[in-house]
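The following pair of complexes shares a single chain, subunit A, combined with subunit B in the former and subunit C in the latter.
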Partner chain A sequence: MSSSHKTILAVGFLVLMGAAAGLGSYPVYLMSLAMINVIAAVGLNMLTGNAGQISLCHSSFMAIGAYTSTLISAHWGLPFWVSIPMGTVLAGLAGGLLGAPATRLAGIYLALATLGFLQIVQITIEELSSITGGVRGLNVPKASIAGTELSDYPKFLIIGLSCAAVIWICSNLMKSRVGREFDAVRLSPHAAQAMGLSISRIKLSAFMLSAALAGLAGGLQALLVGFIDPVEFGVSASLRHITFIVVGGMGSMGGSVLGALVLSALPEFLRPVKEYSDLIYVAILLAFLIFLPRGLITLLTSLMNRVRGIGRAAGRT
Partner chain B sequence: MTTALALQLTLAGLSVGSVYALVALAIVLPFKASGVLNFGQGEVVTLGAYVALVLTQSGLPYAAVILGVLGVGLLGGWAIEYFFIRPIIRAPEFTIVIATFAIGLLIKAAISLKFGDSPNSVDGPFGMEPLLLGPVRANPTSLWIIGCTAAVTLGIVAFFKWSRLGKAMRAVSIDAQAAQLMGIRSESVYRLAWMMSTAIGAMAGLLVAPLVGVNPELGGLILRGLLAAVLGGFTSVGGALLGGLCVGLVETFSGVWLGSTFKNLMPFVVLMVVLVFRPQGFFGVGEVKRV
Partner chain C sequence: MHPRLRLDALSVRFGGIQAVQQVSLQIAPGEIRGLIGPNGAGKTTAINAITGAVPVFSGDVFLDDTRITGLPTHAVSRLGIRRTFQHVEPFSELTLLENVLLGLSSTMNVSFAAAALHWTSARSAEKQAIEESYALLERFDLLPHAQVRAAELPFGLLKRMDLARALASRPKLLMMDEPTSGMSESEADAAIRAARELAEETGVTLLVIEHNMRVMMALAHSITVMNQGKVIAEGSPSQVQANPAVIDAYLGEESDASR
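Then we have the complex of A and B:
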């Protein structure tokens, strides 16, 4: 991406953040939710798209982030800007806890282990109802800065800035040595090992990074929605995140963003046929897996190349 | 704990274990044939249970219900293999894992759209009046489930051992290329494996329906089936059977002794431990890979 593109993106982002001030609270809420989805998708895509590891428990890390930050604010009275980072760190550590044994597994065995982990987290939340509120859920303490309670727009700004920071950091990270190591593990673990890379260290760092971002997304979601319950973080939530990256484009930062934004907007368009929305969602996932496994981003880039080609041809005449 | 109670619990454990064993068997068959693990198998069980529900409510005799469920199972397997699995059989493992998951969710979404989320009950062929075998009160449905599972397993073992098709399937699972050179169509074998698998899964749904009722969440028992398959080493029919029975027994007894939290959590902790320390299970052979 050239520097002029970056400028356009940055300016566009700032305009969007400013313009949202004029919107009603529902669109602002939806956009916040979409950006939380972007954060989660970016995290998952680095693990699955770049490092090539299947994870069915992304939503569990979101749960860990959400419950940690909520419980810390509720019991210790710490402000959200302390509790959410703590939730992020704890989710990252949980990612390490799962990742350490999971680095020995691949393919379906990894899928099974992550599915098992998801169930363990889910059941633990449900059974520890004295702490987590169990299936009835938990109200998140109202977030405030300097005594003023946050309304939807300041929350939107916080989430938007976090999202921009995550995209900026992660796209640089994926262009650095870390990203190349992830790609090496996906493309050829044997060759990577022969080059002296430690596969298990790389897999572990992919798990921790991805889990930490999921934890951040979970903490922000708790902040935004104000209520958490275990149903939010079940296997269908994990599948939703996987759908984001499959539809957007595996292993592509633009793909994560595109997929998360498009699919976050989808429920609004499906409102007239609400009862079919689950069906449509899964059908979209299957259709992409079979017919366009590399995602929307490939369509977008080929379209942009064509436009550029036309522009160049026009310039010559 | 009295002997009678212990026997009663054993019977209950064996009957749920039989259902898990059938689910595990249904998972193992296509995996053995083509290396595809069907994460949507739980919803095939749900589908079988709903077909049983509809057919029973329409007043058909039980034999016809069984045939109907098996028929829908075979047809479903054919459709899944033809429309979804075949186009992506060469895709990366991630694609296949997620696709099978999605197929399951598709079935589940369609079922809850058609029937709603409220639970229904289906009668077994013998009702719920317990049989008295000495001091032991035996639920006839449990006995029926155990018997059916035994029959299905024996049938499968015999099929693989003696029938031409079964031998062809074994050949493909050992070395697909060599089998193809001997004139075996591996596509037909994959399709047959899927059809058998979904028929067994649907049968499991029919059998478990009188025990737990019918609702769209029934497919959750795939997790126990997966655990059973993992314990059994993923590739053996006998392993799947033993794995399923173990999971059923341990679950039932631990529920009595250690409470429901432990009962719910136990299968997944065991799953993780087994995957990490003994991924080839207890009846499987470790995969030898040349680097």
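Then we have the complex of A and C:
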């Protein structure tokens, strides 16, 4: 991406952030949720799309981030801007804990191991009800800055800035040595090793990075919604994350953003048929896997190339 | 002079099968050594044992008098032993430039934080790696394809990419597994010329597995012949070619030697 594109994106982002001040609290809330989904999708896509490691427990790392930040705020009275980063770090470490054995597994075995991890986290939350509130959930302490309680718009700004920072950092990573090594592990572990790359170290860093971002997304979600319960972080949330990256485009930063934004808007349109929303998600997932396995981002790039081609042709005549 | 690579009675077993039996050899720095033998002689298995891709049953491997027996593949590679593959193993969805950059990856000193925050150190390391990779692509006549994905390119061209990628980190020893397989006669000649020039220029030691005797005669300083897991002859190309045991091994199984 050229620097002029970046400037356009950055200005557009700032305008959007400012314009949102004029919107009602519900659209602002929805946009905040969408950006949280973007953070989660970016994290999962680097692990699955780039490093090629399937994970069915991305939502568990969100849970770890959400519960950690909430409990730290509730028990130690620490502000959200301390507790959310702590949740992020703890989720990253938990990702390392899962990643260490998981680096030895592949394909269906890895999928099963991550599903097992999801169950462990779910059951732990449900059983430790004296701490986590169990299935009844937990109220998140009201976040405030300098004694002023945060309303939806400041929360939106915090989430927006976090999301922008995540996209910037992860684009840097994916364009660097780190991203190429993730791709190398997916495409040919055999050759990667011969190039002096340690497969297990790379997989482990992919797991930790992905889990940390899920943890951040979880912490921000707790901040925004004000209430957490284990159902939010179950297997259907994990499936939703996978749908984001498949619909957007596996292994593509733009794809993560696009997929998460488009599918975050979807529930609004599905409200009349709400009971069937899980079914519709799965149908979308299957349709994309079959008809557009590389995701919406390929449509967007070919469209942009065509526009550019028309522009060039017009310039010639 | 101390040998660059030394194998001491190296053996590899798969279950009851002795794929490599008590193979000993020494390769001097800067030497181009051929490793030939009929199919199933254990040549590729020997290379795999040196790189740690298959476990060593007994015996030892030394690089510059450092024992490297049983080290993991990536560690062996980092010590300066690189290989090319018979079937190339490209990173198919990446461009040729990215493939070669990955060859350099383990020598790039870029921390996670520096890469994430786009620090100057990371940017300059990336820039330098890209320049080096372009130079390599140019030397192997691959510059026009630098931005093309490996999956879209023909096999002979990918063979050259594999070589460029393996040389990117300036290894001490390069092991080439059938570098001319799948190439036309003229492509093979060009590849051999390039390999020879390169060895002379950079001083890299080469261990070359090759079926094509004509290629081997033109390239190698000396040749080791394996059959059924054992070394059966060693010497200059002409000595080896005249060795009755070698002729027997080849004619007994197939007539590759006459090709």
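In this section, the second predicted complex is superposed on the first by the 317 of 317 C-alpha atoms of A that agree within 3 Å, B and C clash if a C-alpha of one lies under 4 Å from a C-alpha of the other, contacts with A are read in each partner's own complex, and residues count from 1 in each chain.
Note that in this section contacts are C-beta pairs under 8 Å (C-beta built on N, C-alpha and C of every residue); 3 or more make two chains touch, one makes a residue touch a chain.
The model shown is predicted, which means the values in this text are computed figures rather than measured ones.
Participant: After aligning the two structures on subunit A, examine subunit B and subunit C and state clash or fit.
Facilitator: Aligned on subunit A, subunit B and subunit C fit with no clash.
Participant: After superposition on the shared chain, which partner residues are touched by A:H5: those of subunit B (first), subunit C (second), both, or neither?
Facilitator: A:H5 contacts neither subunit B nor subunit C.
Participant: Between subunit B and subunit C, whom does A:I290 touch in the aligned arrangement: first, second, both, or neither?
Facilitator: First partner only.
Participant: Once the structures are superposed on A, label A:S205 by its partner contacts, choosing first (subunit B), second (subunit C), both or neither.
Facilitator: second
Participant: Check whether A:N172 is in contact with subunit B, with subunit C, with both or with neither, and answer first, second, both or neither.
Facilitator: Only subunit C; A:N172 stays clear of subunit B.
Participant: Please name the chain, subunit B or subunit C, that touches the greater number of residues in subunit A.
Facilitator: B
Participant: Which holds for A:D183: it touches subunit B only (first), subunit C only (second), both, or neither?
Facilitator: After superposing on A, A:D183 lies in contact with subunit C but is clear of subunit B.
Participant: Quick one: is A:G116 in contact with subunit B, with subunit C, with both, or with neither? Answer first, second, both or neither.
Facilitator: It touches subunit B, and subunit C stays clear.
Participant: Quick check for you: in the superposed arrangement, does A:T124 touch first (subunit B), second (subunit C), both or neither?
Facilitator: first
Participant: In the overlay, answer first, second, both or neither for which of subunit B and subunit C A:R104 touches.
Facilitator: first
Participant: Considering only C-alpha centres, what angle arises at subunit A between the directions to subunit B and subunit C, nearest 10 degrees?
Facilitator: For this superposed arrangement the angle is about 80 degrees.
Participant: Please provide the least distance in Å between a C-alpha atom of subunit B and a C-alpha atom of subunit C in the combined superposition.
Facilitator: In this superposition, no C-alpha atom of subunit B lies closer than 7 Å to one of subunit C.
Participant: Across the two complexes, find the residues of subunit A that touch subunit B and also touch subunit C.
Facilitator: 190
Participant: For subunit A, which residues are in contact with subunit B within the complex?
Facilitator: Those in contact with subunit B are residues 48, 52, 54, 56, 101, 104-105, 107-109, 111-113, 115-117, 119-120, 123-124, 127, 190, 236, 239, 242, 246, 275-276, 278-279, 282-283, 285-286, 289-290, 293.
Participant: Which stretch or stretches of subunit B touch subunit A in the complex?
Facilitator: Residues 37, 39, 84, 87-88, 91, 93-95, 97-99, 101-103, 105-106, 109-110, 112-113, 223, 226, 230, 261, 264-265, 267-269, 271-272, 275-276, 279, 291 of subunit B touch subunit A in their complex.
Participant: Given the complex with subunit A, which residues does subunit C contribute to the contact?
Facilitator: 51, 53, 72-74, 77-78, 82-83, 85, 89-94, 98, 101-103, 105-108, 110, 112, 115-118, 122, 125-126, 129, 165-166, 169
Participant: Quick one: in the complex, what on subunit A touches subunit C?
Facilitator: The contact residues of subunit A facing subunit C are 169-170, 172-173, 176-178, 180-181, 183-184, 187-188, 190-199, 205.
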